[in-house]
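Order of writing sets the chain letters: A, B, C and D. Residues in each chain are counted from 1.
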Amino acid sequence: MSEPAQPLEGTPAARVLVAGATGFTGALAAQLVWRHPRLELVHLTARSEVGTPLERLYPRYRVPLALEEFDPARADDCDAAIVAYPHGASGPVVAALRERGLKVVDLSADFRLRDPEEYRRWYGEQPSPDLADDAVYGLTELYRERIAGADLVANPGCYPTAALLALAPLAEGGLIEEVVVDAKSGVSGAGRGGGERHHFVSVDENFAPYGTDGHRHQPEIAQELGALGADVPLTFIPHLLPLDQGELVSCYVRTVDERSGEELLELYRKRYGGEPFVELSDLAPGVRDVRDTNMCRIHIPLGDGAGRVVVFAAIDNLWKGASGQAVQNLNLMLGLPEEEGLT
Amino acid sequence: MSEPAQPLEGTPAARVLVAGATGFTGALAAQLVWRHPRLELVHLTARSEVGTPLERLYPRYRVPLALEEFDPARADDCDAAIVAYPHGASGPVVAALRERGLKVVDLSADFRLRDPEEYRRWYGEQPSPDLADDAVYGLTELYRERIAGADLVANPGCYPTAALLALAPLAEGGLIEEVVVDAKSGVSGAGRGGGERHHFVSVDENFAPYGTDGHRHQPEIAQELGALGADVPLTFIPHLLPLDQGELVSCYVRTVDERSGEELLELYRKRYGGEPFVELSDLAPGVRDVRDTNMCRIHIPLGDGAGRVVVFAAIDNLWKGASGQAVQNLNLMLGLPEEEGLT
Amino acid sequence: MSEPAQPLEGTPAARVLVAGATGFTGALAAQLVWRHPRLELVHLTARSEVGTPLERLYPRYRVPLALEEFDPARADDCDAAIVAYPHGASGPVVAALRERGLKVVDLSADFRLRDPEEYRRWYGEQPSPDLADDAVYGLTELYRERIAGADLVANPGCYPTAALLALAPLAEGGLIEEVVVDAKSGVSGAGRGGGERHHFVSVDENFAPYGTDGHRHQPEIAQELGALGADVPLTFIPHLLPLDQGELVSCYVRTVDERSGEELLELYRKRYGGEPFVELSDLAPGVRDVRDTNMCRIHIPLGDGAGRVVVFAAIDNLWKGASGQAVQNLNLMLGLPEEEGLT
Amino acid sequence: MSEPAQPLEGTPAARVLVAGATGFTGALAAQLVWRHPRLELVHLTARSEVGTPLERLYPRYRVPLALEEFDPARADDCDAAIVAYPHGASGPVVAALRERGLKVVDLSADFRLRDPEEYRRWYGEQPSPDLADDAVYGLTELYRERIAGADLVANPGCYPTAALLALAPLAEGGLIEEVVVDAKSGVSGAGRGGGERHHFVSVDENFAPYGTDGHRHQPEIAQELGALGADVPLTFIPHLLPLDQGELVSCYVRTVDERSGEELLELYRKRYGGEPFVELSDLAPGVRDVRDTNMCRIHIPLGDGAGRVVVFAAIDNLWKGASGQAVQNLNLMLGLPEEEGLT
């Protein structure tokens, strides 16, 4: 019953605004900034519940700051922002914050796709096409240096994060001929809306694929695989798990040549050695192993060496798949140690 | 892939309309009538999704009939109806069906409370106060004969069903001095709406009391306990379980005198001997024991004989707590065996 | 509280023994026989809990018969048996029952694999190799006639059931070049043992692949695909879902030529038209859609016609994946309508 | 993939051994000590899995230390210990550690009950009755000063923790005449064993009371209520929730006089003002609100002022109900700030 105060160590490295804090990813971003030893949480904005302390909506996060209406003028006292508005609504907010000089990590899809046609097909008209050119795709382990120098980071989707971390070593090595990504996510990945589809009774004791005629994370994964040199056939099917947080991708790769399991493992060890948030496991990974952490846990069964490789990657969709990675990126953009506030 | 047909045995005993079939209780009522060997399901009505076969909304129930708008004129070809509209909306529909001569079981609260003031306090203006006088309270095990002769049955709420079956033998014996009912229900008991409160992420891995400053099933339980002679202090607190179907009430009774556990057990055995849908168990009852059945499973620990008695009752809130009991009552009203279509 | 009696209609068509009734599949088989209108449940055997009525272990099934030790001599008064012992333990029991002349459906793997080497690799020494030659593989929709004439049916594994129903039309048409089966099952599929791996806390809010270095359902699926003409590369990975009953397979097929989605759908419609327990759905199937039913629900997204076909199949692993199909097969073996007791 | 190192700040305040680290509470205690900025985790002991790094059993906790056999001699390099062995097995280990001079927090029941007869009745022969006299009952908010000066703390059971925090202000004020504690806990509260009772399929979609003929937390609650002056009739019934971590007690109190809700609230505000791990909430508390935290969240509905008071308290059974409170106590015993390592 004592008043909680933000656990800051000395002068904060940056003053931060979190926009869109009533959604799952915005609320977690707020909490991660709140408990971050070097960041000061200054504003929380939302399109509803204005005036309500965030801790009434998300008691577990214990962030006592109240929600405000978004007002770019008030952002002047901040150095950086994490924006968690929905696709389409995010663009203008990001633009306004960039104009005020804030460094921004955007959790929406508004700046992820480089091809405007592709954006239009899945999301409608792109809100700020000019800004899109400046945005750096925020998969930290792939683009660490560019992120460190960026003013605007397009944080990846949760499925692309897991799939690309699972496939990057193979893609960079030019080894992929074709790939199937069978993906499974907990319900928080779908956001706070969804009406009856995400009613407890619809999800409980259920499991089903969705987006089977096309899902918007497909072009994002394809774009980034292509950027790594793997412009290959990609089948992507997401499924909804009856759990809160957690995501697993099972990637079935036909490779251009035959490598032993040990060779593959060595490839992954080299690629991810020293990475603080990627771990190779010799055990099959469960989403529970990474719950409430920023880890991506990868497992490669030894296989038969016949050109068919399976790779599993587990993340917490709200952490490494969204808000955790956003803070990881923000740390880099602000010159802070990448793990600060995330362990 | 063969066309399903209604599994009727000979000429149906009655043609039935189910109103409000998109909700959880209406949909189950529709399925129970559909698979009932002596009832013909003729119309399904709903306020949305008109034209949609019910099996697209509830594939598991496999009822191919399409939803219609409610039109009393079309009810003329029916003998009976189960109405599953929300409180307030149900009254006028029931009135229209009664005018056409249909026997009606109403799943709403519109005809449960005998005191109009009490109704107004919890639900607003009572829609058809005149009809309320004719309605029989449909707790089958208490009012079997009156139900058999009724044209309108007010089906009890799920919590009152479990609580009253747990307490009736004590109440009828004049044994209760005071009672606490600590009740726990799965999410389907709260219906298909509820927005964020019933979003999967709100309920999953959670458990909480609700309605702690007053819940509308309290006066219903109090009214019926009073009718059995137990006009006593009643504390009633419901809690939300992270599961789909299932309800358990734990009843803590201070009794007017001291009886041994064996005496109490004998009391219950006598009261419920021969009841097809009440079972006494010497094991602590789990809601899973009665899932998808019309059973009420009661357990009384032997206790210390010091005037404090605990009684547990488990039901499936959608079955005995709603649609199963509705069919049980409809069977009685139509002169059919009470268990028909329920086992 | 009235004594439940078996709901038989007239003289039973057969008297049935269920062996191994304490496990999940044996208990459900017992319940399905108990409630079957034409079968009389005469004996329940188990290796533990002898003397206990089954309904104390599985209250929801409400089968009051007590468990007995297995004694072939007592089987003389039966016409047929469903055997649900574990792999290895099942063989000798099946042999003893066959000697007494009973028709047998065996739920274990003991008679599924035609190659003894393959059996040895996954399960150890095959207990009754001579009997294996007489056994018919009990995937009803593929081998209906042979099952009808069989004395011993090897009921398929749950994963093979779903995968083969999903793939059979393609396999029979010679269309498969390569296939990945990404399979997900509820915990009941793994049986009642499992120790800490199946402790609630290990599974809850978790999801993980298992058997990633080889799973014994792989050779069973491969054998049967081969029998249908598809001797092709098969990758099979099972995953454990945090739910009780339900199984979904997502099959990724590279086809030998390019067919439109409509052509494929037509192929499936022809193959499964008239099947009582296979349904094609234009909605993505959830395991909840088939819970507690014997249905297999198949969905084929329209796709791009470029030679990559995705097929989903959902079953209840305890029903169509085990005991439901066992009764379906027993019906055929006894000359009864295939759906009897299953709808 | 970088090696994790213990995140210590400067010289550790104490070197710590955790005994019994394979169970749920021992493993969490190990993780809390591991990530504690002022404690050094030196030894982890267990009766099985010796040699295995703890992170293979509990990947999410990421404690790389390996399990050792318990050997008092090796404890010499430690200042303190948390013991998480089962009741009965814990006593001798605690005795050995005390002999070596370590301060000990014991998570078992071995030193909780002051009446040896009572211990014998519920647990069997008390292993180290002499030590029991020195042990301080470790409900921090009640006995903070004595804990700070203690060498051996008997950490409370999870139900007693929640129930006593809910009732202490009333008990201390002499206000309780009689109380019912209806308690509900997630499965981790029951430990890692339990066989079929805690198999996923037994718990999933289920909810049931247990220990209805007497539960060993009853005398513990009664003893401590008595110590606070409330030697009153107590009914205690625990129930098992289908979730992992979380516990809610709903306490129904008949009070000696009538107080308004506001008076009661004031009583609680005074009692718990300044407590870092107790919070009063005007919202009904859910166990999710305190998941993975050391908080106890208390809610008192305003009530009718007629002498019947309801109090709810929610905790995480593994944190405030076990390992979190153990570290809270250890902090006090070592002269560290009480919250260190717990927020």
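We adopt the following convention: a residue touches a chain if its C-beta (ideal position, glycine included) is under 8 Å from a C-beta of that chain, and two chains touch if they have at least 3 such contacts.
The model shown is predicted, which means the values in this text are computed figures rather than measured ones.
**Student:** Tell me which chain's centre, taken as the mean of its C-alpha atoms, is farthest from chain D.
**Tutor:** Relative to chain D, the chain with the farthest C-alpha centre is C.
**Student:** Give the chain pair, either A-D or B-D, that is connected by more C-beta contacts.
**Tutor:** It is B-D, judged by the count of C-beta pairs in contact.
**Student:** Need the CA-centroid distance for the pair chain C / chain D, whole Å please.
**Tutor:** 45
**Student:** Report, in whole Å, the distance between the mean C-alpha point of chain B and the mean C-alpha point of chain D.
**Tutor:** So the centroids are 40 Å from each other.
**Student:** Between chain A and chain D, what is the gap in Å from one C-alpha centre to the other?
**Tutor:** So the centre of chain A lies 36 Å away from the centre of chain D.
**Student:** Could you tell me which residues belong to chain D and also touch two or more other chains?
**Tutor:** 204-205, 242-244, 285-286, 288, 291
**Student:** Please output the residues of chain C touching chain B within their complex, sorted ascending.
**Tutor:** 1-2, 7, 56, 59-60, 62, 204-205, 269, 272-276, 278-281, 283, 285-286, 288-293, 297, 343
**Student:** Looking at the complex, which residues from chain D come into contact with chain C?
**Tutor:** Interface residues on chain D, with respect to chain C: 24, 187-188, 192, 194, 196, 198-205, 242-244.
**Student:** What residues of chain B sit close enough to touch chain D in their complex?
**Tutor:** So the residues of chain B touching chain D come out as 180, 182, 184, 205-210, 212-213, 233, 235, 237, 239, 241-246, 248, 250, 252, 284-288, 291, 299, 301-302, 306, 308, 310, 312, 314.
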